[in-house]
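Residue numbering begins at 1 within each chain, and the chains themselves are lettered A, B, C and D in the order written.
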């Protein structure tokens, strides 16, 4: 891996600058065409049926945006008699009709104090009017009908347009660099200390004749961190097979056990030592966070492993594991994207992969140019975020110092 | 079949889930896939349990070192499983008053809470070892931790109001600004890491889990 | 340490640097236990993030609906149970309607335990407040599997995740749940969280997507990672650990268990700080000796 | 002795069993550990059965079956059989010859996770945090917020610089990355310090249990 920087390299970034520029203008769209409330124009004046309690006012209706349809939200302002007194409102009844002035039917009621109701039985593309009736022991009062509204199915969630564009831009950037990396050699990737140490840590286990224990976190396969950890296990297992070190993988989820077995088996096969693999290297303990920690603590003390890997999604047990492994003199290489647990790994372990480094680990260890290319794609993502931050901050600062009226980029998201 | 089907399946499912985030009618598929996940996990737990019992039964059978504890594992498992499945009122097995609840409160809970409480000791030993002013980075770590530890409990009040208040204020300030800044950088980095890993998985570049390099 | 060149007897500082961690453990257990036998009351100021939670509840008009999600298990009871009790006290004092749910299997049991305690108090002391009625003033939806997926589905329709409450009564037959389709019909969400799924998921899946108002009580570990959310306004406020709970109890003018545990905590903190200071003195003394 | 009293005694003894680990590994701890592993594995097995398998799989099928028998209709809940199919593929691992079929289920799960977390993380961890950082650097009349905002922008910026993989940390870029590391360290230290409180409270809870519930030394 060596650094290459020339003017050609810089020119290749041009498409991205263009994309970024486009990206700055598109996101304004959703705020321009956002769903608007339909308010009854003459809602201020209200018709009173029974004089006793004050009626609810300002009945507004709105299709629930960005859903698959079939529902309408009705909101109103409470009767001024809601909350106490002789005319205290006991509940509100909600009426619906397809005509403004007739045919109202009760579709539900709410307790006193409520100011909104969702009509879940609205048919798509049918216009409805709504009325609210306040009910008190002294009598009832009815609001004016609302404006008409119809529920509709949305085919694209406009409030997520920015996210959509950003997904495309970053996704494309990563894809682009993966493709480019296929034809390009010598992509520079900076050193990551925790991953440089993996070779030594595995070798140490061979020298000492003790085990390597690999802990893939406590979450199931529905976490990207577990998936990242399992791919790292693949690289570690291959090294272990080459160095003829003993590897043990106790896990706390059945699906993770199955996956880890596939991965370790394949790694031993690729290293040319399929005979050295057996299923007992990967075993299940319990689904429980602290019982798992208790069992691992016992394992550490009894086996005295040379190396312990703690990679994946961890919670409170992180420090229990790290401190116990430390007390038996094991080298510990940890990695997690859990911001709450990073401090403990940093304090107690020899090496820690911080957040994003965990996801970069498998690419880094594999040295596969395609995977390394994706890391460069990530950097483009960071670059876009940095650019947005700088421009956004400069705009707002200029606004506050010089009284300009530049757009607030934060609003676009 | 062995290699291609998993790759295609991952790609299709992954892309569907991304699309569902933007196209509301796809939500139905999203919900369905998520339910299937729980069903698969519920089936898979049998594999784990079988493995656990086999390992411990092996210990017992071969009279390995510490074999009596293998027996304890198996008996503990059978006790709570049989009671939970058959003798605790079915679905309401966790209601106060059931035998399952009793085992939970007096066996599971004390063990779990105590294991958790061990952290109080490990936090002390780890901070004693790690918080030394070896270099600039370590000093930053030490200072931030120290101010937070003192500032977040009213130790200061034993000395004087002024000191306690100053410490509390600086603890709050550290949490609000430099801490938040560091945290944010980590979080944004993680977002890109997840996006990139997810993409590599969907594109089939990382497929060790299906037995491919 | 260079044992060969340094033949002299080990000094106090040297011993301290390589102290057996079990000695530290001993000090901790004493520091925590002894103060438990003394009754004290410490005064603490209420921090803005805690005040944020208090205000979010206090500013709701009577009759507003509050959804409280219990996302913890007995492991975190020392920290979160006092908060749960305070939340109930506050909500019922202000005549708010409470909807209880849990993303953790044991969550709703925790809620029942807290409710029991608060009702007993209400019966004993505050005769002005009527005992809340099930189905009208509060409802317990129970646990449902699915983690963040549950949050997401409830954003469309509560019924997608909870066709019935914990007792099996369909939501449509519960007076309190009339007209509650999704988060639009809830005025505030409170979340008591000890990990995953918890506050982070509520922020990601409910606040970011459905724009609801959220305040949370967290274990002290989790709370710092929620600060960025408070700063961006995604969270109205957060109670962090026992101290947050104690501050909230004080804001509510109802000091309870969290306040009384604070003394133990303060002493234990003092012991750890002392060890860190001694460790650094030892470290610098030894370094000086080496260089000279 | 009532069941409750016996329960408290068992709980207290197991509590001491786990604590004994702090001194050194011993049979008392080994017993508590083994019991814990067995009990907890069973606990989650039962929970999985009643709270996942039954409502997510069984109930949906029962619904469809009922519909079929009473109304003769085939309703959409049958689709949950596909989930069950993937589940059974998983179990087929026990049959060595066709064990590879379980990879289909794994592929399905991994795909779901990747797709779901792609957008979620980008939104909450990415966009939301970027938006939160966009603050004016100069806030009229409020020096505290001005400095604070400056620190947040500088800290987030330099912290992100540290995470760049494809550029060597040299020169000005390296300097920025170094400042970024300082912010990371402050973040770690502050979170560690903040957490100590929480950990102490757990121990307080256990000691309170021993002294109050078990020994009844504290009223």
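Please note the rule applied: a residue touches a chain if its C-beta (ideal position, glycine included) is under 8 Å from a C-beta of that chain, and two chains touch if they have at least 3 such contacts.
It should be emphasised that the depicted structure is a prediction, and the values quoted were computed from it without experimental measurement.
Ranked by separation of Cα centres from chain A, the top chain is C. The chain pair B-C and the chain pair B-D differ in C-beta contact count, and the higher one is B-D. For the pair chain C and chain D, the distance between C-alpha centroids works out to 16 Å.
In terms of their C-alpha centroids, the spacing between chain B and chain D amounts to 3 Å.
Per-chain CA centroids place chain A at a distance of 13 Å from chain D.
Across the assembly, chain B contributes residues 18, 21-22, 27, 34-35, 37-38, 40-41, 44-49, 52, 109, 111-113, 115-116, 118-123, 125, 127, 129, 131, 141-142, 146, 149, 152-153, 175-176, 179-180, 183-184, 186-190, 192, 194-195, 197-199, 201, 209-211 that each touch 2 or more other chains.
Residues of chain D in contact with at least two other chains: 18, 21-22, 30, 32-33, 36-37, 39-41, 43-45, 48, 52, 56, 90, 93, 103, 106, 109-110, 112-114, 116-119, 121-124, 126, 128-133, 153, 156-157, 160, 163, 184, 187-192, 194-197, 199-200, 202-203, 205.
Those residues of chain A in touch with two or more other chains are numbered 67-68, 160, 163, 167, 170, 222, 224, 227, 255, 258-259, 262, 285-288, 290-291, 294, 316, 339-340, 342, 344, 346-347, 354-357, 360, 375, 378, 382, 385.
Because contacts link each chain to all the remaining chains, their graph is best described as complete.
Of all the residues in chain B, the ones that touch chain A in their complex are 18, 21-25, 27-28, 37, 40-41, 44-49, 51-52, 55, 111-112, 115-116, 118-119, 122-123, 125-127, 129-131, 141, 183, 186-190, 192-201, 203, 205-206, 208-213. In the complex of the two chains, the chain C residues touching chain A come out as 21, 61-65, 75, 95, 97, 136, 156-157, 159, 175-176, 178-182, 184-185, 195-196, 221-222, 224-225.
Those residues of chain B that touch chain D in the complex are listed here as 2, 5-7, 9-18, 20-22, 30, 32-50, 52, 66, 69-70, 72-81, 84-85, 90-91, 93, 100, 102-123, 127, 131, 136-138, 140-149, 152-153, 173-192, 194-195, 197-199, 201-202, 209-211.
Chain A meets chain D in the complex at residues 3, 160, 162-163, 166-167, 170, 187-190, 221-224, 227, 255, 258-259, 262, 285-288, 290-291, 294-295, 297-298, 301-302, 339-340, 342-344, 346-347, 354-357, 360, 375-376, 378-379, 382, 385-386, 388-390, 392-393, 396-397, 399-401, 408-410, 413. Against chain B, the residues of chain D that register as touching in their complex are 3, 6-8, 10-12, 14-15, 18-19, 21-22, 30-46, 48-50, 52-54, 56-57, 79-80, 82-84, 86-88, 90-91, 93-94, 100, 103-119, 121-122, 124-126, 129-130, 132-133, 147-148, 151-160, 162-163, 180-197, 199-200, 202-203, 205-206, 209.
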